[in-house]
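Two complexes come next, and they have one chain in common, chain A, joined by chain B in the first and chain C in the second.
Presenting the complex of A and B:
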């Protein structure tokens, strides 16, 4: 349809800015602005602008969902399964319902279609929920609910679940109802045997046998990655207010518009009658992408109680039942010729997403390197554990840990530098440049042979690469409002989950209108405004900044017409700079922004723009989601010190070289990359959801025993940002969130190998595992 | 967390008279009965108490707050060089005390490595010594383990990566106090105030209780007794001390292994006396007596330190997942012995 709209041709800057820019010609919709100059020629975009909400966050004024308190609001509490697998023989809610102050009680667990009794499949699975006047009363009322459980055999570990006699998580086809919230590679038509579902083999190609037959060198290894939890600082939270006209929801969410659509569908309401707001959000990392069982529960309680209901997870509920990164056991084989050319890659992976599916990690091996014969076999292994969901680079973060160590191992066997080997097998010119820059910054020439340091503390250096897609949400729009008093508002339902997209919007609009970012009122996180994109899949900036700039440009054109009419000149002669509109060819004829807007015929004018297709088209699209490129880059280098007598790994330095198209706010991007690296260090060394195999309970469902990187464990992080212009959209900006996290653990593992000469193939790389790998521990394996 | 009453104690004696149970007793449910609702418990910094209450492991009727009692604060030095550290002295105060850092360096170092700055500012030495173990089965209301009066230790067949490698029969907790490791190496005593007003001093070594003696408690504190102070005997002039630990995380983490060494070297560099205590190794701070014996009279060098490290492991009975602690402990002992020997002696010792 877009092809029928008028279009025009424009020349865009193209290439990596620091190497000198070329031009590329693109055909663009006629109602979109002319090409944006490179950042060096701009005044707001590409500059380190302070966050629009920094003051509110620092002073505590920012309104998070947990801060929302409505008149007459009730407090929800959820009764959760104490058993990893059980049939509910009987469930009696009435004693709780009879308690004064309890206003609604409902069953959360759904009965199977055949009317059989309800089955619970993990510790922490919601059974029932209620809403009461106070949180304490709600907790007390939960204890009055009478449940008779029939314990059933269960299995929570990957090995146990694959045994022939393993307790079965899903009989028949009930697994099809299991959640797979945002996990990749979750095809629905895969075979299932026992608890093993698959293989998913997307991306496989060629003849794997022939590939290995042609190989002159083969490396193989088995790599284990653990379950990681999201650990958002703000827990999952919702305040739901059901009323006669519809539904008002405040939610800590990564996707206000998506939650609205899900609620409208589930509760059979028109989209226009559901309003979802998220003013400030304390992190999501993939776990707040959906309405979720807890969200629907709060709304159902509100409908039942005829009052607003607040439901906020405790930290243990966060840890047990709000998603996690699935585990993996990856069997990787790589074949190559002596010149480094890859002939075959085979990855058989068994991963557990608990009761969910979609634990595949095949994307890295099928897409990162040039290789004619690739076999990817990805199996989900169901366990009686809480469901996984998307988490920062799902699949690729796990996959990188194996693949990038395998490639390094291959380089060593080939007696090649790991960077030189990647120059042979990696088709991306951007990553090649990133390798060069990263190597220079970390001082790669200082890299010694593995285990070369004398003494117990050995230093090492390593690197790894990431792969992610440049994603775009096409259902993304932005409104610009210009008021007669000069005030400018930018409106969208897009939510700022901490990444700073509000600041980015202000910069883009200010740049186009010749104003300062603080002149722009940012009104976001409310579905009463045009639908914004989700804040997942590293797609927010790519999706919302082009419509923001387009709408700003359209508003500017309208203002120019108004002024030009007063001046009786051609509007094409007008331009705006530093808050003054003037004639291009006679700058002395000028008018201030406020005087100009005073010429408007009405109090307020408005422009709404949507996200058009990328000017060079999309590689693929599915519904509202489209992909511009599948090789958004990023290369990270790490320097570590390993104490071979204590097994302690210290990450001393990380150099992250990243690209995200046009960087809009380098300061915020650096922050986000630092966050990605920290999360990667934490994943590499510390984090692990530990389930007791005999009880199915999580043993570390808090933030003390579940260990996150702290200040003392934080390495020196250097972020190097490329400016990569491609002429794809009105802003040419793409995401950074996930690429920043994917390579870190793999780079650290390669650095550890370089330090001690022993490969760490299991995450997290704890002192215990290092001592075992070094042969320092007598007795059985860890 | 349940509602509870709050009472400000006006004196240690008043607190002792009010308190009905130790925290350990209040956590005990012997016959699957709900946990005690009537307990009146003492609370100092409240760090561990709040954790236990939030997890539903204790539901006290009332907390008696002793945290404002002046007589339990501060560090005082006797004329004989002995030290009295009031039970309410915070870990931050111990870590920062200039005198202690010279005379009892290992104690100041241990206090500095415990928990996080925020917690060290609140946590008291008394509360630290009396905190319940970190065993995740003990800390989970869903696991009715032996130490809480249940019939089963979940750690033996379960996840015991952080558990004890010594004296771990029956129950495999490790003692959670970081300062205790150093205090035992200095032969400290605790001062206990009885509800009837008597005070007694008990050597730390006798204060702690191993599972073989009693599975339900970590110390001999009786109901109503208040731990009022810790006493450190005068130090020998030529003493030097050091505390080392290894944790997975640099800050706010309990150690995987720790060691405190206090050593008396004569002018010829021979070891007159050595006290070596292992932390995170046993249900109580664990004296490595064989290692101590081996060093007595010996010159300290790489070989003797290495031998001490090996000797420190005597009697170890690691579990399925914690054998890695043995090389860790051996390395720490070797390093600590060498580092202690290389230190200048305490210039302030009398």
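Presenting the complex of A and C:
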């Protein structure tokens, strides 16, 4: 359809700004604005504009889903499986239903189609739920539900689940009903033997045998990565109000429009009858992307009770049953010639997403480096554990930990500098420049041979690279409203989960209209507005800023026509700057913004624009999701100090060099990169979901025993942003969330090796593992 | 201490209470509020529920994250780990009562200027701790700031900007 629209040719700035810009010609849709100048020539874009909702957040006025209180609202509680694997012999909800103040009770676990009894597959799996007048009453009522469980054999660890005699998670083809961890690469038609499903081998190429035969040097190693939980500070939360005309939902979600679509489908309602709102969202790192079982449960309870229902996870529910990053056991082999050229990479990985699938980590090895022969074999291992889902750079974060250590190991064998080796094998000119800038900033020349420090505290330096696709949601739209009193509103269902997308929208619109960002009313997080993109896959900015600019430009053109007809001039002669509209060739003829909008024929005019295809096309697309031609490369350097007597690793400094196309708000980007790095430090050193293999229970389902980085573990973080222009869209801006997280743990691991001369191949790198690796203690953890 | 009949009426109508509800008066942000609470009600629950002061957040409900930080007199406490009935006559200050009048507290201004806020869920608690630190020590160094916020968890990773914001205040404030 889009091809039929008239197009025109325009010249766009192209290249890395700090190296000098070229031009590139692109054909663009006729109803889109002319190319945006580089940031240096702009007044709002590229500036550290204050976060649009910061005032509400620092005063406590911001409304999160957990703060929503509706009249007559009931409180939900969920009965969860105490056993990792059990058949439900009988389930009696009636004593709970009979309790005064309980208004709805329902079974959550779904019975198999063949009428057999229900089976539970992990501790914490929802069995039943109810809604009552108060939270305390709801909890009390849960205890009245009578369930008879028949315990079944179970397995929660990766090794156990792979044994021939392991208890089976899914008999026959029942796994097909298991949730996907939400990764696009999770193919659905793979063979399954016992608990092992796969291999998934996307991206494999060449002849791996020939590749290793041609190798002069081979490195291999096995790397383990743990299960990490999302730990959003605002727990998963929903307030659902079913009413005669449809459904009203408040949800702490990364995708209001997606949740609306899922609810409409599930409850067979028209899209127009479902409204989803998310004013402020207290963090989302992948696990708040879907409606989820908990969301559907709240809606079903509301329908049954004929009253609004609030369902908010306790922290233990959050830890056990709101998703997690899948584990991996990666067997990596890399072959190379003496000049560094890679001949073969083989990665066999076994990972567990619990009862879900999609634990593959193959993207890094198949896409980061030039290599003719690549074999990626990704196996899901089902266990009786809570389902994983996407988490900040899913797959690539785990993959980087192995691949980037393998590449460093190879560099050492080749007696090459790790940066020089990457110059040989990495085809990306952007990352090459990032390596140069990062090396300069961290002082790479200070890097010593491994284990060179003499004292008990040894320092080291390391680096690692990341790869993430530049994702775009094509189902993404934005409305611009201009009122006769001069007020400007930008509206979209896109939600701000802490990224600052609202600020970015105000900047883009203000830039186009010659106004200040604070003049723009940002109205987002409500599906009554045009559907915005999700806040996942680092795609929000890339998807919503081009339509915002296009709509603003269209509104501006309409206003110019109105003024031009009053002045009886050609609208082409008009321009706007600092709140004044004037003639380009005679600036003294001017009119203020307010006076100009007063010339409008109607009280309000509006323009809605959707995300068009990238001007140079997409690399691929499926449904509403597309991948741009570019990648979002990032390179991170870390400096660590390892106390060889206690085994404690301190990350002292991280330099993160990142590319997100055109940076719109460098300060907010810096915040987000710091967040990505800190989550990476936390992943590298502290975090791990620990399941008791004897009971299937999580032993640290809280924030006391599940450790996160705090202020004292925070290294000095230096963020270096590229300004990379490609002429792909009306803003040329891309996301940053995931690229900032992927390389961190790997960079720290390489730095630890450089410090102590021993490779840490298992995450998290705890003091016990460090001491064990150093041979300072016998036996060993894990 | 004066009772606030409005708050009293609101709480009685809004919640269903257990058999052992206790009548208490909380002095919050300079106003006295009479409440009926169950003994097990935490201060955080009392603030967020009957008093409608939802700026105080609950994230772990276990004293591990400091999202729920408020002041009891001049002391920063985790309000999820204090029972409403044990507060007594101590003055409670919440994020809503931190700034006098329309303006913002300097810490709030600094958080905005330095982008020490991302999702913002940990922010009210973080602001309360930083403001308490500055009240006690107008010129804290980096280590003192780190100590002051060491009990706070921020999953978005605002620590560097929080430290920057407070350092800027420490340096800007004359004696």
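In this section, the second predicted complex is superposed on the first by the 774 of 782 C-alpha atoms of A that agree within 3 Å, B and C clash if a C-alpha of one lies under 4 Å from a C-alpha of the other, contacts with A are read in each partner's own complex, and residues count from 1 in each chain.
As a convention for this text, contacts are C-beta pairs under 8 Å (C-beta built on N, C-alpha and C of every residue); 3 or more make two chains touch, one makes a residue touch a chain.
Keep in mind it's a predicted model, so treat the numbers as computed, not measured.
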item	value
First, second, both or neither for A:704, with chain B first and chain C second	both
First, second, both or neither for A:712, with chain B first and chain C second	both
Touched partner set for A:767, first chain B, second chain C, both or neither	first
Touched partner set for A:136, first chain B, second chain C, both or neither	both
Chain B versus chain C, judged by how many residues of chain A each one touches	C
Which of chain B and chain C A:273 touches, first, second, both or neither	neither
Touching partner for A:432 - first (chain B), second (chain C), both, neither	neither
Which superposed partner A:67 touches (first chain B, second chain C, both, neither)	second
Common ground on chain A, meaning residues reached by chain C in one complex and by chain B in the other	136, 704, 709-712
Complex contacts: residues of chain B adjacent to chain A	3, 116, 134, 136-137, 140, 142-143, 154, 157-159, 161, 246, 248-253, 256, 318, 320-324, 326-328, 331-332, 335
Of all residues in chain C, those that touch chain A in their complex	15-16, 18, 38, 40, 48, 52-65, 67, 94-96, 98-99, 104, 107-108, 111-113, 115, 117-124, 127, 145-147, 149-163
Chain A to chain C touching residues, read off their complex	48, 50-51, 53-64, 66-67, 69, 101, 133-134, 136-137, 230-235, 280-285, 314-315, 497-500, 667-668, 670-672, 674-679, 702-704, 708-712, 714, 717
List of chain A residues in touch with chain B within their complex	82, 123, 136, 456, 645-648, 685-686, 690, 692-695, 697, 699-700, 704-705, 707, 709-713, 766-768, 771-772, 776-780, 782
